[in-house]
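In the two assemblies presented below, subunit A is common to both, partnered first by subunit B and then by subunit C.
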Partner chain A sequence: MSSMTDAIREEARKILSDGKVDFVIGYAEGDTPIQAKPVFISRVEDVDKLVWPSFGLVNLATYLSRYRTSKDRIGIVAKGCDSRSIVALLKENQIDRDRLFIIGVNCPGMLSRQVAREKAGEIIAAENKGETWSFTTVEGNKEVSCFELMPSNCAACRHHAPVISDVVVGDPITEPDGDGYDSVREFEKKSAPERYQYLMSEMSACIRCYACRQACPTCNCDECFVDITQPRWVDKGLESTDLAIWQLIRVYHQAGRCVDCGACEEACPMGVKLLWLTRKMNFIVKERFGFEAGVDPEALPPLATYEKDDSQEFIL
Partner chain B sequence: MDKEPRILAFLCNWCSYAGADLAGTSRIQYPTTLRVLRVPCSARVNPQFILKALQEGADGVLVSGCHPGDCHYLEGNYYARRKFAAMRDLLEYVGLEKGRVRFSWVSAAEGGKFAEVVKEVTNGVKQVKDTTQFLKKRDWPVE
Partner chain C sequence: MIKLKNLKSLYDHLSKDRQVIGLKKEGNRYYYRPLKSYDEWSSDVLLGNFSPKDHFFPHDETLFYFKAQKLIESKEEIKPAVLWGVRPCDIAGIGELERMFNQKGEEGYRDPYFMERFDKTLIVGLACTEPWPGCFCTSVEGSPYKSEGADIFIYPIEGGYLIETPSKKGEAAIEGLDVEEVSDVSQLEADRRRAESKIKKYAFEGIEDKLKLMVDSNFWDWIHSPCIGCGTCAFVCPSCHCFDINDSSRGARGLRSRQWDSCLYEGYTLETSGHNPRPSGSQRWRQRLMHKFSYFPQVFGSYQCLGCGRCARACPVNINIAEIAKKAMEWVE
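Showing the complex of A and B:
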């Protein structure tokens, strides 16, 4: 990991001292254990704050749309999924390519804080011991293997390498077999009432903090449908159908844009499972329209185009 | 379900609404379960409308537009078809009972087909066991 950190720092130092960019968005060591926080580095002497984290599920492309109208030239550290998000943003004219310098990283997969908390409880201190992590909690010490800490999206990832980049760091990674949608197929085997029950029980924990939306690079509307009061699409409050519909529509709005980076689920303070929904949306888009978000910079977004012979077996 | 279902129908102004009109002027009999909402084009129907309708107490939702190639706005229904395909699959995935959300193409000349569609959709909704899925729970009575 440290060699990756060094490589990222070196690239960042180079572009900052050459004046190619005004600042670099990357990861820094977090304030609490097993947390990586996003950091904006604008001075060469601060470059050593940058790290390549083990628990970096934050999608750094999220910050790009905030610079939609600025003139800043931005350097950004991009994992495979981040780079796909950047492509999705470029497609929607959220950012100019010539203002970006992308430090692509061949990402071997991140570890999830959310999963660590599920396995070990509230973590006070953490130490990496190669293949395992040792967590100190209130109840005592606990060892968890890296494999167990991998979030479902990284386990299902088929795009470890950045799609677009100006430089790439890290060794290339061989993509695993399969399409990564086995969990969706597994869930589909349940009966319809069971699936509805699962949706309702997962969403019942939601407190409408909208952390999932804030963490999502493609949730960048100036006014979200859920905040609109005229007309009020989704009522405020914690009524169960409101919660379910809020998340369903949010996921629907990600059709052909979601890159399965897992930032929404990782950001959720209530541990609501969201990836089973977002991944299904990606699966629908792939199966029906043959589209994968952020993979082909030239392809039109699936809902902004059509084929005359799109399947319509469901239409009377 | 035992009671007469209430189905919200989004009919496009140029084809399906005129088709419904033709069914009426031709004196074709069909179930009186539909509450028609006229929209400029099937592409006007935001998938949010469908969920909102279910939440507000519709037993079923029908969205109907022009046949592909016949759209008054040339390509509106092609876009609509993609939107509905994605939404339909997502709703099926989260366990919405089959038959509650339906789509159809009915042209202005198809009064007979319109009546058939209404019969089919009504029968479908009648088979649904639980129409309280996505129904908003309120602390006060509606209506």
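Showing the complex of A and C:
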């Protein structure tokens, strides 16, 4: 077992046996290859189910809005991005800070089952061999390095350390140079028709299972606009314009709230590249308003504040 | 039974006057799609990322158009088709859909949209010589060698294939095919046992009765916890058949269509009054497990879970319905 796993178990054991929390939300080994499973541990004797996973892109903060009005005291394992989502939720009064015990993790980055599928094909079985993963696929055996299995959001991550926590496990990580938006700048160089064609072909693969919405910690409206029938904002069905509008509006609603955790893209059963939209939006929010979601617990989110010198040349 | 050296002759024979639907790679996933030729078929893939139910029960289907008070039926022409290389779990799934959409008796519901496609489709099954990890068909009355429900069923053997025709429809379809009759098929029994031995077995016997007593159990309070409430499992499931009906209109013109739905959606049971009889995740998961392992067996006499394991593979949070059913079997109040 890794030292990270041991450290998480130790912290979870402490807060459960001290009665500080009612349960701890963390990761356990999955039942199928290259997937971790979120678990809710309420008994000290179950603490050893917790692990620090390799494929843990589920943002555990997504479960918190469920406890908006409950009295539960919750322990939660939080990567850098999860902790930013917690901050975003705290700002929106979705959860009380004093009911949370945050086991922050200095996260070196996760691996992605979506990327694994892109690199290796349909994976039947998987085995970790240190720096590489060995996959049994329908097209034979393939070996892929951990580095290659990192999703785009982890590669672009500049917030590996939790921004808010009650205890931190794992060694500090030196943040890489740059702002992490080089991929957006590259994408912007494509012509408008190229970008349109690419994004429309991605969006048209959507099957409206809403896994992206459900996996997202800040997609927590009591009633999502896409489910409202009176009036109907977006038609049901798989018409590509409806699919694109659904995705675009969902992304807009995340302005100043999306932390680029990649949970939506990882959850998608169709492998739609959702992060092109969210990351571009995050880039705009950062450039225009100097704001990054969930990084500064004190800063007001751009949609909740107004300043006279806000850039507003886009308003007609 | 008959023997064939290769499957192309059967494929060509059946595709003469039918559209063939089989597993095909698109991007980095496998779907049941119309095949242009035998070579397009991904023969080594056991399970597509989605089941073939979309062929009979499309994800988004127009029922009719309307213009003011006038109704115009959807004119989509349904052509004869061959569903090629379907595995036994998916064939069982089609059987469950048929039980639901072609109910017996005067009060029974008969879905004309499903039935037209079903009647016009020839199902060609294929035995699984190498089941995948995560398969559990043998725990839900299935088998990697079960031919029931198929019109034609293919057993791969050394140096060729044995072909069975479990239905009259299948028998008629292979008429005129140049074949070699085989009488000794004893090898299949050993092959079946070998394939079955590779599959994880759960003890689900009596689960429908056990679950009946668990309606008010505390079990449901924690079992649903990791579920994020998306529709992935229902969409990839070969037997989930719930749908939602929607109108889409511009002025007086419009259409009525139906789309797949999922009992794990919070809004699934939301009533017009605003009341939701299943407001919590625990109640929704109780419904999902009960429907598959208790209600369906009570009403139709068979599990509504076929053990393909797709839901666990596709689930964003790795929930495995077999493990949940197992925990229900072990549950003590």
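Everything that follows uses one rule, which is that the second predicted complex is superposed on the first by the 312 of 316 C-alpha atoms of A that agree within 3 Å, B and C clash if a C-alpha of one lies under 4 Å from a C-alpha of the other, contacts with A are read in each partner's own complex, and residues count from 1 in each chain.
Just so we're on the same page, a contact is a pair of C-beta atoms (placed from the backbone, for glycine too) under 8 Å apart; a residue touches a chain by one contact, two chains touch by 3 or more.
Quantities reported herein were computed from a predicted structural model and do not represent experimental measurements.
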### Task
After aligning the two structures on subunit A, examine subunit B and subunit C and state clash or fit.
fit
### Query
Should A:Ala125 be classified as contacting the first partner (subunit B), the second (subunit C), both, or neither?
second
### Message
Going by the contact rule set out at the top, does A:Ile207 touch subunit B (first), subunit C (second), both, or neither?
### Response
second
### Task
Could you look at A:Thr62 and tell me whether it touches subunit B, subunit C, both or neither (first, second, both, neither)?
second
### Touching partner for A:Ala161 - first (subunit B), second (subunit C), both, neither
neither
### Query
A:Lys236 contacts which: subunit B (first), subunit C (second), both, neither?
second
### Query
With the two structures laid over each other on chain A, which partner does A:Ala244 touch: subunit B (first), subunit C (second), both, or neither?
first
### Query
Of the partners subunit B and subunit C, which touch A:Ala299 in the superposed model: first, second, both, neither?
neither
### Summary
Shortest distance over all C-alpha pairs of subunit B and subunit C after overlay on A, integer Å, is 6
## Note on the structure
Interface residues of subunit A shared by subunit B and subunit C, listed 235
## Note on the structure
So, in the complex, the side of subunit A touching subunit B is made of residues 184, 187-188, 191-199, 225, 233, 235, 239-242, 244-245, 248-249, 251-252, 255, 277, 280-281, 284-285, 288-289, 302-303, 306, 308, 310-312, 314-316
### Task
Please give the residue numbers of subunit A that touch subunit C in the complex, ascending.
30-33, 35-40, 42, 58, 62-63, 66, 117-118, 121-122, 124-125, 138-139, 205, 207-211, 213-215, 223, 227, 232, 235-238, 263, 266-267, 269-271
## Note on the structure
Residue positions on subunit B within touch of subunit A in the complex are 47-48, 51-52, 55, 68-69, 75, 78-79, 81-98, 102-105, 117, 120-121, 130, 133-137
### Contact footprint of subunit A on subunit C as seen in their complex
27-30, 42, 44-46, 49, 59-60, 132-134, 222, 225-226, 228-232, 235-236, 244, 246, 248, 257, 259, 262, 265, 267, 281, 309, 312-314, 316-320, 323
